[in-house]
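What follows is a pair of complexes built around chain A, which joins chain B in one and chain C in the other.
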Partner chain A sequence: MVERRVEPSTATVGLMLPAFADVAALTQTERAERWTLRGPDAALDGLCAALGLARPQRLRATVAGSRAAFWLGPDEILALAELGAAPVDFGAGSDGAAVEVGDKFVGLDLAGRRADAVLASHCPQNLSLAAFPVGKVSRTLYAKVEIVLWRRGASSFRIEVVRSFAPYLVAALTAAAEDLAALDRR
Partner chain B sequence: MSASYRISGGSALKRERTVRFRFDGRDYVGHQGDTLASALLANGVGLFGRSFKYHRPRGIVSAGAEEPNALVGAFGPTGGFTPNLRATQVELFDGLVAESQNRWPSLDFDVGAINNWLSPLFMAGFYYKTFMGPKAAGGNWVWRQLFEPAIRAAAGLGSPPTEPDPDRYASMFAYCDLLVIGGGAAGLAAAETAANSGAQVILCDEQAEFGGWLLSEAQAEIEGRAARDWAADVVARLRGRDNVQLLTRTQAFGYFPHDFVGLCETIEDAARCRNPALPRERLWQVRAGRVVVATGAIERPLVFVDNDRPGIMLAGAAQTYLQRWGVMPGRRIVLFTACDSAYPTALALAEAGGNVVELIDLRSNVAEALSAPLRARNIAVSVGAAVTGSRGGLRLNSVEIRSVDRNGQTGAMARQLACDTLLMSGGWTPSVHLHSQARGKVAWSEEAKAFLPVARAGGPISAGACAGKFGLRAAIRSGADAALAALGAPPTVDVTPAVAEPALDLTGMVGRVPFAGDPRRGKAFVDFQNDVSARDLLLANQEGMVSIEHVKRFTTTGMATDQGKTSNLNALAIVASNLGKPVPAVGLTTFRMPYTPVSFGSFAGIGRGDQFDPIRRTPIDGWAQAQGAVFEDVGTWKRARYFPKPGEDMHQAVARECRTVRQSVGMLDASTLGKIEVVGPDAAEFLERMYVNSWRKLAPGRCRYGIMLNEAGYVIDDGVIARVAPDRFHVTTTTGGAPRVLHMMEDYLQTEWPDLKVWLTSTTEQWAVIAVQGPKAREVLAPLIEGVDLAPKALSHMAYAEGRICGVKMKLFRVSFTGELGYEVNVPADYGRAVWEAIWEQVEKYGGCAYGTESLHVLRAEKGFIIVGQETDGTVTPDDVGLSWAFGKGKGDFVGKRSLSRTDLAAAGRPQMVGLLTDNPAIVLEEGAQIVAMVNAPIGTEALGHVTSAYYSSNAGRSIALALVADGRNRLGTKLHVPMPGGSVSVTLVEPVFVDPKGERVNG
Partner chain C sequence: MLNIRCPYCEEDRPEIEFRNAGEAHIARPDEPDRVDDRQWADFLYTRDNPKGWHAERWRHVHGCGRFFNAVRHSVDDRILLTYKAGEPKPDIERMLREREA
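Our next item is the complex of A and B:
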C-alpha cells in the first residue's frame, strides 16, 4: 500500500490576476475534465451523448448543466466537465476518438464592460455581437497564441488555452486591459 | 526672443494655458494646442534644420504631414527619444525637449554647410561616379570601408535613439461598414451620411482635431456660419452616436488587400504627461466593408532658384498658422502664386494686421474680383510676373522679380523686393497615395493639372479634394455621395448645406517657374528633403535617363522620408519638359506605404522582451528553478540543462550527473517530449504508413522505437510509441518536432488517406513526464506505485502499463534513453510537480540526482543513440545512422520507402555514423569539425565527414564523439584526422558505443 498521496497544483502556470476590474476581470476557472472528441458526425453524436450533451453545430457550443461541448472543426470537439462526476464511458469500438486532455488546457473567464475590446486588442476576429453572437465558439489567435474562445454573454467570455501558453496569454490580456483602462480614462 | 509673431486668434490654442519647452537648448513658451512648428514660428524662430546634402539652412515649408524640411528629434513625456519627426506634427507639452538635426556644431553655424559651396561637385550621381575604388584595391572595397561610412556620417537625418524605448504600444483590430480616411469637409460629410443610414463607421484624421481645411478657411461660410463652426457641429453630432468611432491623431499609413487598412493612432503627449501609463501609440488594423478616402490635397511649392530659404513657405500653410495658431509668419510678406487660393490668404493676413506688401501672380489673366480686395488694402498685385531668385542668410531678406510674357519668357529687367517672408502657391495636388496603395489607377487630368483617382468597382472611393473636387460645397457633396455609393444606398436628394464661398481656380502650374539664363545655374529645389534641384533632373535626362523610375533613383527625388509629397508632380513635369513629352507619357512612380513614417514600436506592440514569443515552461519548471538549474532554450521551451551544486561549473555538474545515473539513479523532466494519441480502428495501419517500423503485430502493453522519414527518405523524427490498446497508440516525438509531426500526420490523413478511420490528438501538455533512469530506478519507484508489477518479468524493457503513482493516474513506460534500467512516468500535468517531488524524496535516499538536457545528451551518446537534428541533418537515411534494424520486415509502403531505393541513397560509401576516439583522451572535439584522411590537410581538401556530437564522458573516463564519415563502417579501426586551428587531432574510428557495448544494463 502506498502511503504517499499528492495533490494537484494549478499554480504552475504562473498566472497573474491583476485588478483592472473597471475594464474586465480575468479569473482562472476550476480544474476540470476535458476531452478532445474526434470523428465523423455519427461518432461525435455518440461521444457527446456519453457526456449527456448534444453535438454542437458549426462554430457553436452546447451546454448541459456544468458540461459543455465546443465545435472546433468538422471532426473535432472540445468537451468540458466538472471534476468528480462518475467516470465517463465513451464505449469501445467507436469510429471516433475520445482523448483525455483535462490538464492540457487552462480555462480563463474574462468578463466586464470592455471584455470584447480586451480581446479585440490582439484577436483578429470580428467580435461584434452580430458577427460573434452569444454561444459562438471559435478556435482563433490572441497575439501569438492559439485560443478557444466561447462567448457566454454580451461581455463575458470563456477562453481555453494550452497550459504552457497561459502565462504569455495572461500577460498579453493584462497589457491590453491596462492600455484600455488608461485610454478610456483619457 | 519674445513671442512677437503671435497675434490674437488661433482656434486650436488654449491661450490661458502656457506651455514651456526647449528647442536646441533654448527655452521657449507656447500655448496648449500649439505644434512645435507653430510655437517656434510664434517665437520668431525661422531656422529649423540643415538640408540633407548641402547643409543649407531650412525653415518651415508646410503646416502638416507633408513637411519636408523641419525634421526634429524629440524626447517624449516618458523620456523616449525619436528622431526625424516633423515639427508640424509634434504637439507641444510642458517640458518638451526637441532638437534640430544634421548640423554641427550648431544650427546657426554648421561646418557641413561648406557642402553648399562645393555643390558643383555634388551633382546627382556624384557619389556613384566618384567614390568607386580602383579595381586593384578590390573593386568597391574603398567605397564600403572608407567613403560610405564618412558620407553617411555627414549626410542625413537624425540619430537613432540609444536607449531602449520606454513606451508602451497598444493595438486593436476593428471592423466597420465604412472607414472614412480624412476628417475634412468631404470626410465629415461622408461619415455623417453613412452614420445616418445606421452603418458602423470609423472616421480617422491624422490631425489633433477634425476639420481639415475647414479649420484654416477664412472666408467661406456654411449654413451662415464659419466653416470651422460647421465642422465642430458635425463632429459633435458624430460624437453623440454609438455607431461612429472617431479617431484623431490617427494616420492611415497603409492600404492592404481586401480593404484592410493600417491606422496608427498617436496618443496626445500632453495626456501622457498627466498619465504615464498611457501607451504612446495604438496600431489599428481595420477590416472595412468599404472605404472612403478623403485625404485632401497638398499645396505645391514653386520651383525657382533659392526657393528654400527660411522664410519661404506655402501660402496655405501660412493661412493655417494664422487661423489655427494665431501666428503671423513674418514682418514683411510677399506672395507668389500660380493659382487663386493665395488671394484669400493675402487678405486674411492683412485683415489680421499683417504687413502684406505684394502678390506676384505668374498668370496674366486674373479676375478683378480676386485682386480688387487686395488693392483696396494697399497690397500690390503684379500679374504676369515671377519670383526668379531670393537673397538672405539664415532668413530671407529679398526676392528677385521679373515679368513673364504669355509664352513663359522672362523679362530682362529684374527688380529686388525686400521681404522676410515669401508665401508660394503652385496649385494643389490631390493626395492619391492611399488610392494608389489600394492598387487604384490614376489618370492625368490636363484640366486639373493633376493625377486623379480612377474609381474601381468595390475599391476605395475618393471624395473631396483628393478626387479633384475642390471647393467646400463640391467636397461636401462628393463626400456624401461617396458614402451612399459605398453603402449601396440610392442617391438621395441633394441635402448639401448652403455654402457661401468664392469660386477659386486651384489648378496652378506644374514644373519649373520661368527663369532667366542658364538652367544649370543656381539651385531651384524640387525635393527639399533630399536636396534635389531642377538641374539635377536635367542632368539625369542629359545622362540618358528617360524613365521616371531611373531619374528617381539617379537623383533620389521623391525618395526621402516625405516620399515626395510636395515634390513628385513638379519633378515629373520638369522631366516631361526636358524630354519634350506630355506629363502622363513620363509616368508616375509608385506610392508606397507608409504615408508618413510609422514607429517600429507601433508594429512591435507587445512583442518585446519576454512577450516577444511565448516562453513555455513545464509543470516541473518551478522546482528546477528553486534548485538553481541552468536553463536552455529548446524550441520555444525552457529546459533545465544541468543542476550545478555550489562551486560546480557545467562540466563538473554534468560529469557528476552522468556518473550518478549509471551508478545509482537520476531523474529528468521529459515533459516537453511531443505526444500524440493516435486512435481508431485503422491506427496501426496508419502508423505502418507513417513510420519505417511494423506496428500491426505490436501487442498492447508494448513499446517500439519508431523512425519517421520524409518523402525523400531522410530521417525527420523519432520516438517511442506504445500500443495502449488495439485501437490506441501513444506516440512520442522529439521536443522540437512535435507540431511538425502532428501537422504532417494530419496532412497525410486528410489528403492521402481520408479513408482511414484514425484520429489524432496532441497530448504533449496533458502529461508531465518524469524519466527515472539508473540501476536503482525500480527501488525508487516501487514504493510509490500501485497497480503495476515492476518485476523485470512482469514489466520488461519496452513494456507499457497503466496504474497509479502516489494515488495519481499514471501511464508508465519502461524505456531508456540512457542504456540503464529506466522508466518514464506520465501523470496529468497538474500533478507533475507533486509527483516529481515525491520521486525526488526517494531518489535522494539512493544518493541519486536530477539531471538536465546536457547530461541527457552525454548519456545517450555514450550508448550511440542518435538525436534527430544532431546526428541527422535532413540528408541522413536510417541506414546511415545504423538503424536498418528498425525496418519492419515484409511490411507495405511507408512514407519515404520509394526514395530509399534511389541509387544514391542505396549506394555504398555513404556517410555512416561511427564513434571517434581521440588519441589524446583529454581532447574534446568540436561538433561540426571536418574529418579528413591527411594530417595537416591543405585548405580545400575534401572532407570525409564531420563530427556530429562530442563530449567528455565521465563514465568512459575520456572524450567521446559521434561522427558521420564516408563509408565509415568499413573504416572502423583506422585513423583519421580532424583539422583544428591548433593543429590536426588524430582520431580512431570505433563502433559508436562507449559504455555497456552488449546492452545488458537496460534489462536490469
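Our next item is the complex of A and C:
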C-alpha cells in the first residue's frame, strides 16, 4: 500500500522564538512528515525498514540521514522524515499500523549552554547526562503539556509537541529562559 | 511526589507522568449474560478500600502509555513493587515476610 500523500500545512507556531544567546536558543524545525507506527515488534521492524530505519530500542532513537524513529512505548514508535522525499511504501499485509501525523506535531530545537536547565525548570524527569544520556528519547511533560524529548547532544534537545500546545510550550520555555538569564545577570 | 517504577520503561519516573486507574485484578465475567444483576453490579462498582497494601492499576499516560499494576500502601504511599499487566497478583504477605527476614 502506498500511503496517501497529505501536504502538511504551512502554519508555523506563529510566535517569535527569541534567542537568549547565553542561555539557550529555541528554533522551530523545518516542516516534516511524521508517522505513528503501532504494532508488535515484528510489524514495527517492517514499518521501520520501509523508512530505511532500524527499530529503536527502549527509550532510544534510531537515525538514518534525515529520518529518525523514536521509541515511545512497547508497541509505539514516532517516525520523522523531511518533506519532499518519495512516498513511503509501508507494504501490505502487515499487522501493524502506520498513520501519517505530520501536522499533529511541531518540532522545536532547544540548544545552548543551559538548554538542560531550561527544560529542567518544568520537566519532571532527571535530565542529568547519567540519567538522560545523549540519544535517549522519552515522552514526558513540560509544565502542563505532553512532549516527546530527544537528547541530541549534551546541551541540544529536539522537542516534538502537539501543534495546538506549541504556543503554550514556547511561552513556558521562553519564561524559563528569561528567568535563567536574569539569574545569570545577578 | 512519588517515584514510580514503570515495568515497561524499566525506570523510576515521577508520579506526574502517571494516572491511577483503580483496583487491579478485577476480572470481567467470562459470560456476562449468565451473571445476575447483583454480580454484574459487583463487577462494575464494588471495590476494596483497604487500609494497607493494595494492588492497583496505574497507567504511564505521559510516558509509554502502558497500563501496569502496582502494590502500594494506602496509608504511607510506599510502593512494594510494580509489574506488567497480565502478570499474576503477587503474594504480598509472603513478600513482606521475606523483606523482614
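Everything below uses one rule, namely that the second predicted complex is superposed on the first by the 174 of 186 C-alpha atoms of A that agree within 3 Å, B and C clash if a C-alpha of one lies under 4 Å from a C-alpha of the other, contacts with A are read in each partner's own complex, and residues count from 1 in each chain.
In the analysis below, contacts are C-beta pairs under 8 Å (C-beta built on N, C-alpha and C of every residue); 3 or more make two chains touch, one makes a residue touch a chain.
From a predicted model like this one, the values you see are computed outputs, not experimental measurements.
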More chain A residues in contact - chain B or chain C: B
Could you tell me if A:P74 is touching chain B, chain C, both of them or neither one (first, second, both, neither)? second
Touching A:K104, do we find chain B (first), chain C (second), both, or neither? first
Based on the superposed arrangement, let me know which partner A:Y168 touches: chain B (first), chain C (second), both, or neither? first
First (chain B), second (chain C), both or neither: which does A:E146 touch? second
A:R31 in the overlay: touching chain B, chain C, both, or neither? Say first, second, both or neither. first
First, second, both or neither for A:P124, with chain B first and chain C second: both
What part of chain A is shared between its chain B contacts and its chain C contacts? 124-125
So, in the complex, the side of chain C touching chain A is made of residues 1, 8-11, 13-14, 16-17, 62-66
Which residues of chain A touch chain B once you look at their complex with the stated criterion? 1-10, 12, 14, 31, 36, 38-39, 75, 93, 95-104, 117, 120-126, 128, 131, 143-145, 162-165, 167-168, 171-172, 175-176, 178-183, 185-186
Contact footprint of chain A on chain B as seen in their complex: 168, 170-175, 200, 267-268, 271, 275, 277-279, 282, 285, 287, 605-607, 610-611, 613-619, 621-622, 637, 677, 679-681, 727, 757, 759-767, 783-786, 804-808, 828-835, 837-838
Within their complex, state which residues of chain A touch chain C. 58-59, 72-74, 76, 124-125, 138-141, 146
